[in-house]
Every structure is written in C-alpha cells, then in structure tokens.
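Input: structures, listed below.
Shared between the two complexes below is chain A, which pairs with chain B and chain C, respectively.
Up next, the complex of A and B:
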C-alpha cells in the first residue's frame, strides 16, 4: 500500500468513528420512536460547547472534558425526551409532528448557543498537535485519542446491547414493538434510555469534532445531516448498518476531497444520499418491512 | 417612519407569497419541504442575473424567474415525490444543502459569497413597491383560495389524509404531488424575483435551509390549509423579529434570540395547537 492509501484509510477511520457515534443515536430513535430526530444535532452541539467550556473556561483535562460533554448532552437528551417527545408520544402524534418539533428544538438550541458564543467558528485546539508516522501516514496524538476512545465506546455499546437488561429491551423493542409490549417492556422507558445513551455518544462526538476541526452553531445541523446520510446508507432499521454507513461516509468524504474541490464535499455526499433513496432506500443492511 | 412601516409591509408581503406556496405543500398536501428557500433563491438569482448582466426589464425578468423556479420545482418534484413522508423531508434537506453549495460555489455565475450587487430596482418609490407587492400577495391568496374550493384542492387534501385511498380511487398521487410542488415553486420564484429587485442585492445566506425553517414557522403559526394563515404567520414572524430590534438589542444578540424564539414557537405550536392560529387542519395520523 502506498502512503497515500494508508493516509486515506486512516483519515476515513477517524472521520467514520466520529460519525458512527452520532449516527447510532439518530438511527435508534428512528427505530424505536419512528421519527427522524433533528434534535440530535442539538445534543451534539451542547456536547461540543460543553466540552469547550470544560477545556478552556474550567481548564479541565481531556478525560474530564469528555465526561462533561457526555453529561451535558445526556442531560439535554433527557429534557428533550421528557418535555417534548414523551408528551407527543402520549398524545399519539404522527411522525410529522415529532419531526417538526425536533427541528424546533434544533434551532432553539442553535440560537441559545449563538447567544452565548456568537456565530463565529470556535477552535478548540489552537496550534499544531504533536504527531507520529504510522506506515507512512501522519497521525496526530489527538486523532489517536479520538480513534481509541471511539472504538472503546463502540465496543462498550456492543457489550451493553447484549449483556444488560436495558440493552436487550432496546433490541427487543426495535425488533418488534408490539411483541415487546406484550411481554411487559415499557416502550417509553426504553425510549428514555435511547435518548440518554444516544445523546451522550453524540455529545462526545461533538467534542471530538471540535478537537479535530472547529465548531460553530451551524455544526449541529451538519452533524445530524451526516448522521442521517450514514443511517440511510447503512440502513436505519439495523444495528450494525448505521455504523458501517458512518465508516463508508467517512471514506467517501475523504476520497471526495481528493477528487473534487473541497467546497463541493456536501454536494457529493448528498448526491450519494439521494441515489441511495432511489436505488436502495432500506440501506445496505436494511430489511424491507 | 412611514417609510419604515412601508418597508415592513413590503417584506411581509414577500414572505406571505412565499409562505403561501409552502402552505400548498405542507397545509394542503402534507408535504414537509425544507427547500422552499432554495427555490426562492433560484428565482432571485435568475431575475438578478438577467437584469444586471443582460439588462432585461423587470417584467420579463420576473416572469422568467417564476417560470424558471417552477421548472426547477417540476424537475425536483417529479424526481422526489415518489418518496413517502419523512423520507421526502430528508431529501429536501439534502437538496437545500446542494442548492446552497451551488449558490455559494459556482463563482463564475453567482459570484459566490460576494453576492450580486446593483440589481436594478423595479420601482422608484416605496409606495409603488407596496402596491405591487400587495397585489402579488393578494394574487397568491386568491390562487390558494381558488384551489381550496376546487376539485383539485379536494384532491390535494385527499392525498394528505389518505394517500392509499386516493390512489385506490384512481388518482395519480405522484402526479398530484408533482403539480403542487411546481405550483409552490412558481410562487417561490415570483417572491425571489421581487426580493432581488427590491433589496437590489442578493447573496447565498438568504437561501439556506434555516430560512426554509422560518417559512415553516410562518405556515405553522399562521395555520395550515388556511388561505389567510400564511399572511398572518408572515406578519407575526416579521413583526416579532423586528420588535426584538426595537427592544434595543444589537443585531448580534437579536439574531440568535430570534432563532430561539422561532424554535420555541414551533415546539409550543406542535405541543398545544398543531393547527396554528387560523388552521382548519391539524397534522394527525
């Protein structure tokens, strides 16, 4: 392999692992709640800015900042669930109402963040990060940290879904909602945990994006659109699908910037999304229902 | 002061026309589109380029912008209306990003982030503008009212309420959705042209997905599937935004606060009054 290929694969892994953290919660909410949750971008944003405050205002170290990000986003997820989505679920609102409400949450949070920090782009890590070479590819220490922690989180999630009671309940509801209800699983209770977990993962991803690139209030919408592309490509209805979709998206994105000028990146990604909608709307791992 | 009030009325009129188009989609047909501002942008750019590059007169530029946007809406609509519900909404999100990229990056035509300055104004005085924009908003209102009471309007509502039943009764729901998409794009293009010639400057920031969300707010607050709803919604949203400026807040604080307010308005409307102020229709299963 040439160093170019190694570099491309390396960058794709880093981008993909961060996208996977965002996509999991987005896809789970769709699986269990039956709606596309744009508010997922809001918790991502709160995680990112929470991490920024922890790093630069409170002068915490990185491990503590990760916890702050996860906590801020998880808390926001709980509030969104109990103040809005649980009520809508109780009144049996259609998915359109969920979707529009989640859009409302996204722009309200985006505005809140902009009130505090302005619309400017924020740099988390000024200056170059120390780096090392790996088979001819340059990897910064931050990237190694991001990659290691993302994979640890993904692994922990696999364990969670298979070993814990709540994890199994989540899988049961995603698989067959009516059957799960019939054996006494509370769908609302499961939904609560989906929001907590999904939001915490998205919050950590927000911190990572800030460390690796930059953050601005508009990043929330970008993140949720990326999660949406990853989920649709991989298949929203499956567990492994969104993760695979996220890595595929990371690869496409990094490949696209070597072929097209980087300002057309979003156009390339969304064109592929639209192709998927027409050619394989259930995604790579989806099942037609 | 009267100049300022007239300016507000003109802005409300432009938004009312735009929101009227979205009302046809969201209120009557139940289609969520987050690319209405993109079609508005297509109209604005066509009109601005024709007038400032080729020296075309306003009436011709206005007509071309409306038809150009309608054509774009037709092509997009024909391609995407076969998708269902929320998937359709997601695709319009993706298209909004693509349209924005084109406005922002196609430097040779759109001048990118620099925007197009010096678009010739269509009318000299604010009074003349007010009359023209009011006429446009009233025309859009009459069009929607006409549709509301017509067999076509019933067909739209049938597609919204039960798409499968409508198709079982022998209606092509996809063709219906495509025509309503075209119609709403036509209104968006007309509004875009007027905006370009009124402000005399356009740049990509006016045509974002976020701008489309403001339009959704107008339709939702004003009331879905009500011909006067979008006018009330546009007036409400514009006046709320202006009152923040009146409260003495600098623009840097007023802009994000406005966003917070719109977001909360959407959430509250969805929780407590999904049919909006005047709406006769609430989103339901």
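Up next, the complex of A and C:
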C-alpha cells in the first residue's frame, strides 16, 4: 500500500468518524420522529462554539472542553425537544411542521451565534500541530485524539443500545413506532433520550471539526447536510447504516479533493448521493418496508 | 375488569367500517368476534387500542374512558393486543421482544438508563425464558425476530402477551393463524390460562372450531354492523348468520377477517 493510499484512508477514517457522530443522532431522530431534524446543525454549532469558549476563553484543557461541548449541545437538545418537538408530537403535527420548525431553530441559533462571535471563521488550533508518521502517512496528535475518542464514543453507543433498557427501547421505537406504543413504550420519553444523546455526540463532533478545520455560523447547516447525506447513503432505517455512510462520505470527500479542485467537493458528494437515489434509494443497509 | 363498547362508529373514505357497534366483555370472559373480510373486526381492535380514532361512540375499561387516549396510555391502563399478521420488533432478539413488553422494565427512565442490567431485568429475563420454553422458542432467544418464520413469530407474540401480566384486557387478532395443530392447542391453552386469571379477552379468530371450543360468547359483524351476540352454539344455528359466512366463502374454517 502506498503512503498516498494510507494517507487517504487515514484522512477518510478521521473525517468519517466525526461525520458518524453527527449522523447517528440525525438518523435516529428521523427513524423515531419521522422528520429531517435541521436543528441537529444548531446543537452541532453550540457544541463547537461551547468548546471554543472552553478552550480559549476559560482556558480549559481538551478533555474538559469535550465535556463542555457535549453539555452545551445536550442541554440545547433538551430545550429543543421540551419547548418545541415534544409539543408538536403531542399535537400530532405533520412532519413538514417538524421540519420547518427545526429549520427555524437552526436559523435562530446561527443568528444568535453570529451576534456573539461574528460571521468570521474561527480557528481553534492556530499553528501546526505536533505530528507523527504512520506507515508513511502524516497524522497529527489532534487527529489521533479525535479518532480515538470518536471510536470510543461509537463503541460506548453500541454497548448502550444493547445493554441498557433505554437503549433497547430506542431500538424498539425505531423499529416499529406503532407497536412500541401498543406495548406501552412512551415514544416521547424515548425521543427525549434520542435528543439528549444525539445532541451530545453532535456537540463533540462540532468541537472536533473546529479543532481539525475551522468553524463559522454557517457550519451548522453544512454539518446537518453532511449528516443527511451519510444517513441516506448508509440507510436511515438501520443503526449501522449512518455510521458506514459517514465513513463512505469521508472517503468520497477525501478522494474527491485529490482528483478535483476542493471547490468541487460538495458537487462530487451530491452527485454520488443522486446516484444512490437511482440505484439504491434505501441506502447500503436500509430495508424496504 | 369489564370492557364496555358503546355505539362505536367509524367510516373510511365513505365506507362504513363500523356502525353503532356495542358490546361488553366481563373479567374472565372470552368474546369472539367473527365475520367476513372487511366486516370491521380489526378496526374495532384498532379503535380500542387507540391506533385508530372513532368517529362516534365510547369505550370504557372498568371506570376508565379509553376514547381520546393515546395508545401508550391505553396500554398502561391494562390493554394488551396481538396483531392479525404477527408483529414483532424485527431488529430485536426474541428475548428482547418479550422483555420490552414487561411494564416494570420501563418504570423511571432515569433509573433505567443508570441501571443497565438490573434486578428488574433479571426477573423479567427469567419470566421471559419460562414463557419461551413453554412455547418451544427457548432455543431462539438470541435470534433476531426478523429471521423467524410466521408461526414462530406468532408464538413469540403469545409470549409477549404472557409477559404483560398487568394487562386486564387482551385483544387477540387471529392468534392461531400460521400455527400447526399442535401449536394451536398450546395457544388455546395459553388463552384459557389467561381467562382463568380473570382477564377479559376479545378474540378475532378465523378458526370456528377454536371459537366453538373456547369462546363464552360470539359477536358476528357484517359490513360494520353487529348481526348477532350470544353463545357460539346458538349464534351459529341461526340461518341468517350461516348465510353471512357462506356468502363470505365460509365453512367451518372460513377465512373471515
């Protein structure tokens, strides 16, 4: 394997693991709530800026900044669920109302963040990061940290879904919402936990994107669009699908920038998404029901 | 606990699914509902469980009004059901499907998330295994429900009903469909056992032998209207009722959903 291939795979793993953290919550909300939750971009943004404040204003270390990002996003998820989505669910609003409300939340949070921090791009980690060489590929210490923590979180999530009662309830509701209601599972209660967990993961992903690249108020919309693409490619109806979709997206994106100018990255990604719509609309792991 | 259905009416796209249907089921009683395809049997179960709204009428379980309540609230009040086509959580294992039906397992989301594998789950797991062994499904405990045959799914669904110990009203939609004769006998025993525990049972059943054997009363529906309500031996003597089943292509094992 050439060092180019190793570098490509390594970069794809890092990008994919971060996308996976965002995609899981997005796909779960779709499975259980039946709508594309654009507000997932808002919690990503709050996690990112929360992490920035922790690192640069409060001068916290990285582990504490991760906790701040998760807490800020998790709290925002609780507020969004309690103040908006739970009420919409109780009034049995159609999915378009959920979608437009979530878009409203994203736009409102973007505006609020821009008021506080400005529209300019923020660099979390100025200057070069220490790095090491792995089979000819250059990997920074920050990237190793991101990769290790992302995989640890994904693994913890698998354990959570299979070992805890609420994890099994989430799987049950995602599987068959009507049956879940008929056996007495509270779909709103499950949705609460999906918002908390999904938002926390997205918040941590926000911090990671800030550390690895840059953040600006528009990053929330980009993150949620990428989560949508990953979920559709992998299959929204499955648990493994969005994770695999995220890694596939990471690979396509990193490959695209080696072949085409970087401005074409989104064009390549969305072209492949359209191909999926034609060839495999349920995604790699989706099941036609 | 007694179920009382009063003048239930429901129309779908201009077609009458149910018209002024009233009936009662006492604790420890089995009411079978029979009738041709499209006579409104499953619609009636869907309305009682809150999955479909009624246009008019009322439903009481004991002194609790069910109309207007959400399916999960109705389930919490003590209503359990099985489905016409056995319905399970396909991504969950057989054992997990049964444990999900145990109400004690869902008490307190915070304690649940902190607890993980706790005392209540251990107890639920033991009960679930007992039921699976009785139903001949113990070997499949860790098999994903999606991989089961229709008959196996039906057995797991029966196990789920047994797990719902707090349920006072059971709505069974063709519980012996897809079962072989031996398993049908076990299913009948399960239903009789539930009756002896004082549960009120509504049974939609295509196998009239089962209806004759197990039901205390039978209500016949035709095009959404109640045509008869009485002891099976008397109701099926009525020539007009016999004509309904013959008209629906029926005989003693007629398919009449």
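Couple of notes before you dig in:
In this text, the second predicted complex is superposed on the first by the 289 of 289 C-alpha atoms of A that agree within 3 Å, B and C clash if a C-alpha of one lies under 4 Å from a C-alpha of the other, contacts with A are read in each partner's own complex, and residues count from 1 in each chain.
Keep in mind that, in the parts below, a contact is a pair of C-beta atoms (placed from the backbone, for glycine too) under 8 Å apart; a residue touches a chain by one contact, two chains touch by 3 or more.
Worth saying up front: this structure is predicted, and the values here are computed from it rather than measured.
Which of chain B and chain C touches more residues of chain A is settled by the count: it is B. Judged by the touch definition given at the top, the superposed model places A:273 against chain B, while chain C stays out of reach.
Of the two partner chains, neither chain B nor chain C is touched by A:63.
Contacts of A:168 after superposition on the shared chain: chain C is touched, whereas chain B is not. In the superposition on chain A, A:119 makes contact with chain B only, not with chain C.
Of the two partner chains placed around the shared chain by superposition, chain B is the only one that A:264 touches, whereas chain C remains out of contact. In the superposition on chain A, contact is made by A:94 with chain B only, not with chain C. Common to the chain B and chain C interfaces on chain A is no residue.
Touching chain B in their complex are the following residues of chain A: 35-36, 84, 87-88, 92-97, 99-101, 103-115, 118-119, 217, 221, 225, 228-229, 232, 261, 263-264, 266-267, 270-271, 273-274, 277, 281.
Residue ranges on chain C touching chain A, taken from their complex, read 49-51, 70-72, 75-76, 80-81, 83, 87-92, 96, 99-101, 103, 105-106, 109, 112-113, 115-118, 121, 160, 164. Note for the complex: chain B touches chain A at residues 30, 32, 80, 83, 85-87, 89-91, 93-95, 97-98, 101-102, 104-105, 209-210, 213, 216, 220, 252-253, 255-267, 270-271, 274, 283-285. Within the complex formed with chain C, the residues of chain A that make contact are 163-166, 168-169, 171-172, 174-176, 178-187, 189, 192-193, 239.
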